[in-house]
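Heads up, the next two complexes both have chain A, just with different partners, chain B and then chain C.
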Partner chain A sequence: MGRFIAIRLMHALIVLFIVIVLVFLVTRLIPGDAFLVAVAASGVEVDSAKTVKVLEEFYGLNKPFYEQFLIWLVNFVSGDWGESIGTGGDVLEMFLDRCPITLQLFFWATLWQFLIGIPAGVISALKRNSRTDMAITTGALIGFAIPPFWQAIVMIYLFAVLLPIFPPSGYVSFAEDPMGNVMSMALPSMVLGTSGAALLARYVRSSLLEVMSQDFVRTARAKGLGERAVVTLHAMKPAMIPVVTVVGLIWAGLLGGSFILEFVFALPGLGRMTVDAIYQRDFPVIQAMLIIVSLNVLFMNFIVDVLYAYLDPRVRLR
Partner chain B sequence: MTGPENIRLSGGFMVLLRALGHAIRHHRLSTIGFFIILFLVATAAFAPLLAPYEPYEQDLYNVLSGPSAAHWLGTDNVGRDLLSRFLYGGRVSLLLGLVSTLLAAAIGVSLGLLAGFKGGLIDAAIMRVVDAILCFPFLVFLLAMAAALGGGLINLGVALVLFGWVFFARIVRGQVLLVRELPYVEAARAAGASSARLMWRHILPNTLAPVIVAITLGIGNAILAESAISFLGLGVQPPTASWGKELKSGFDNLELAPLYSIVPGILITLSVLACNFLGDGLRDALDPRLRGEERR
Partner chain C sequence: MTAAAQAPPLLQVRDLAVEFGGDGGVVKAVNGVSFDLHRGEIVALVGESGCGKSVTALALLRLVADPPGRITAGSIHFDGEDLLQIPLPLLRDIRGDRIAMIFQEAMNSLNPVHRIGRQIAEPLSLHRAMPMRDALAKAVDLLRSVRIPEALRRSRDYPHQFSGGMQQRAMIAMGMGCEPDIIIADEPTTALDVTIQAQLLELLQQQVVEKQTSILLITHNLGIVARYADRVNVMYAGRIVEQAKAEDIYDRPRHPYTLGLLQSVPRIDQAIGDKLTPIEGQPPDPINPPPGCPFRPRCRFAVTRCDEDIPPLRRLTDSQSIACWVDVDD
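For the complex of A and B:
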């Protein structure tokens, strides 16, 4: 097991390095324009070519490429994420400010996914080829194909405009108004959780179906156990193992989905911050967010790999 | 059915047609998917004939009007006919999805073939870049590219290709590793076939089945991605219509004209769903092990 973890960790570190280089290269394509935009937006009458030069010096863009990379990397690791071009604020502080909102959204969306996805998959597998199964399978396919922002619009129209139950957009902090906080999170987290729930339902269904056709399940039935006991005591546990592998996928989906849903629902979280940064070509913010997002996915995949190997010894021995 | 060992590229095409026929005849959902795609492609192709108005024709006296006999789906915020905009928008969305996916497939298949066949350092280099790109959620990657390259239809297409090739490379590499060791490849090698000939004539055709499935699913994903990026204003630019862009304009006028955003959303969902249905059917038809099993 130790050897397995070491190999996976090495692999993850190599990939992380390539990611960091890619992010650095891509974001270096951005500047220039960003400064012109910032200078124009400031409304101060200045010689813009000269100002851009001063700014480039300030952000260290006049140094050789590899030097820029090293300086940036060392700063980033030591917690100096630079200053936003748009707001002038410290990027790390901005990140920590916005983080709780996005995490709340993730928390509710995850809860929603598991509460819907797993039971739906189990019911669908146990009632294979029935009407219920058809309905759940088709529902999962649709849930996977719907553009989340469109689903959001429909939900806003139905449950905020026609039937004003939830607020159409905006954020209320928990400290200010706990109930209002939950209400403001309800629609966005439901939409964010939909595709994950659909994915979970599909995986749970096929995994449970596979397990149910195995010899040990037949044995359990043959010794006279009731169907309920067969499923809960024997089939469920091995059926859940492959499901672990989709958690990484779902997590990446949450990160991607929150970018656009925070925009639609006007939630001032990390996604909204990044989209705003992209509009302003605010590269220190974009850079930091890209690293964070990919680090997250990488970390999640690593955990999933290790967990999977722990749960299923066959993987370790390969 | 020809065995997979002796099909060539042209034979591969026949296999694809046969698989398509099989999927459409025997797999109920892919029948539905196929006809939805046919319908959407036809309406997009014949948009100039079908559209009752020019998509850019403004009528400022008739802004955000609801559905009427003159404008079946109403008009937008500068009085353009929505039905016509959606028909023309379909051209942009579908074409972008198709072209970017095919380009991504061409690049991904070539690199995957190379990685799987050559192995060693080339393989390691290509696959680590693949892993690195896969660390970004799809949308986040596209947004980053929009920031780096700027918005617009062409740049969005470039970004879609830069992300999409990764999946094809992965699939093809895996297939090549399986096929490479089969006796018929060894026989061809013994008969003196060059590396290039081995790759293109003997190995490639036998890796194509999952690629076809991935193309079908990829088109759906690309359509979804286009709509998301255009929704954020970083894709297709005005005055061009695309489903994603119309959806955004509709969202800005949600209370006055709900159909404005609801219809393009339905069109996007339908096309993605149709691609997924057809992809599932093709997967079953191309994999003989699954054939004859449960038919949904």
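For the complex of A and C:
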């Protein structure tokens, strides 16, 4: 298992390096000039071509490509993520400020997904073709089909306006008011987690159904185990193997989902910051975010691989 | 065996019927099967592939997959109770403890994500309330007894690390753990080479001698039947067509199908040059069986009556019965 993890980590690092190179190249290929935007926005009447040149020299953009890349890489690794062109703030600081909000959103959304999605799938499989099964399957389909922004609006209307349980939007920090923090996270994380929960329910259902018809489940019954033990001790673990893939995809998609929901629920998280940065062609921020997004995907993949290995000895011992 | 034969049978199966309902129609996989199993005896169940041997075995412990399968009739008396009637919790106490099952396809019948040792230990910890440590130690002993080399190390392996033959031996070890009264062994040695096959069958036989275990031995190998079984049930298309002592069936088969089976396998006492004659034709379509005797289309001895009436099992001697209107011995 240790060896397996080490190899996976190596892979992840190699991919990360490639991603970093690509990110660097891509941000430089995006059309539009941040300096022109800035100069135009400042409203000062200047010779723009000349100003841009001065600025380029100041920021080192006249140096050769690979040199720019090396300087940037060394800085990035040592924690100097540059200054935001839009706000002039330190990018790392901006990131650290907003990161906790998005992470909280992830945490609650994942919890919600697992707590709803997995039991729903299991119940639905064990009561196959019953009314409960039908209700869960239909619910999952609806949960998956309705776009998050629409869900958000409906949820706000239902649980913030009609029944004022949760605040309709805004962020309260945990340090300030722990209860208020949880309440402010409730609606956005539920909406963020719904499609994942729906997917999980469907995949858990079909996977468990598949496993329950396998010969080794019959063996477990032949040993004299009760139905509960058969499911929990013998069927669940193999049934989760294909589900893990889906979990990886869901996790990778969470960041995208949170970008939208941070807007709808007015949460000052990474998503908001990124969207603002894109409007302003704020390269340092965009670059940093691209790398964070890739890191997120790589990290999730890594977790998924480890989960795989934990669940399936055939993977672990290969 | 004679003394045992006087006592009431340990397991008494009567008129067992199992159906599978599918889109294409209903398959009567087992159709009125009756047989006895006495204490300390090995009874064989033989027949062509698809004749219903495994389904019969599964039905004994109500393990037929439902849906699509359904036990539609019959009784299975074990220790004074009908296993088809008792509530499931009581049946669970019997499964794996007093009646154990060795499945045909070991590879699929072992859980791929659990270690072999743990799987063998499970019935022990369940029925004997053994602490897991002791159960695991016992599992290693059991693996040793089925001739797995380096049993201790191997008990920590997963099924995919075992060869097919080793998986089957692990299945056998799993079945023997609780020293059951009855072992249902569904082709337990099919994947094994001849030497190990003999070793394991002797191991099972040893259980019979030492612990008075009874074994229902499902096989298509008539050589194994001759050597290890006390009595034989020959099955064809979901029915038992001949019941006899093992030695009688070789010397005096009375049902045309049994005769055909014997003539289609080589025998040690056969003159060189004698040709083997496989049984012509195929078993009947299980969804639309022909009226009358199911063996009729392939039978050399058929008479007109065979077209209309299904022959019931009739007693020829104290120990031999056939389901046939004729008697090939005449």
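Going forward, the second predicted complex is superposed on the first by the 280 of 318 C-alpha atoms of A that agree within 3 Å, B and C clash if a C-alpha of one lies under 4 Å from a C-alpha of the other, contacts with A are read in each partner's own complex, and residues count from 1 in each chain.
Quick note on the criterion: a residue touches a chain if its C-beta (ideal position, glycine included) is under 8 Å from a C-beta of that chain, and two chains touch if they have at least 3 such contacts.
Keep in mind that what you see is a predicted model, and the values were worked out from it rather than measured.
By the touch criterion stated above, A:V304 is placed in contact with neither chain B nor chain C. In the superposition on chain A, A:V19 makes contact with chain B only, not with chain C. Contacts of A:P238 after superposition on the shared chain: chain C is touched, whereas chain B is not. By the touch criterion defined above, A:G256 lies against chain B but remains apart from chain C after alignment on the C-alpha atoms of chain A. In the superposition on chain A, contact is made by A:P313 with chain C only, not with chain B. The wider contact with chain A, measured as residues touched, comes from B rather than the other of chain B and chain C.
Of the two partner chains placed by superposition, only chain C is touched by A:T219; chain B is not. In the superposition on chain A, A:F144 contacts chain B only, with no contact to chain C.
Once both structures are placed on chain A, no chain A residue is touched by chain B and, in the other complex, by chain C. Residues 213-216, 218-226, 234, 237-238, 241, 311-314, 317 of chain A are the ones that touch chain C when the two sit in their complex.
Across the complex, chain A is touched by residues 58, 61, 63, 65, 89, 92-97, 100-101, 103, 105, 108-114, 122-123, 126-127, 158, 160-161, 174 of chain C. Against chain A, in their complex, chain B makes its touches with residues 29, 128-129, 131-140, 143-149, 220, 224, 227-228, 231-234, 244, 247, 250-251, 254-255, 258, 261-262, 264-265, 268-269, 272-273, 276-277, 294, 296. Chain A meets chain B in the complex at residues 11, 14-16, 18-19, 22-23, 26-27, 29-30, 129, 134, 137, 141-142, 144-147, 149-151, 153-154, 156-157, 161, 252-253, 255-257, 259-260, 263-264, 274-275, 277-279, 281, 283, 286, 290, 293-295, 297-298.
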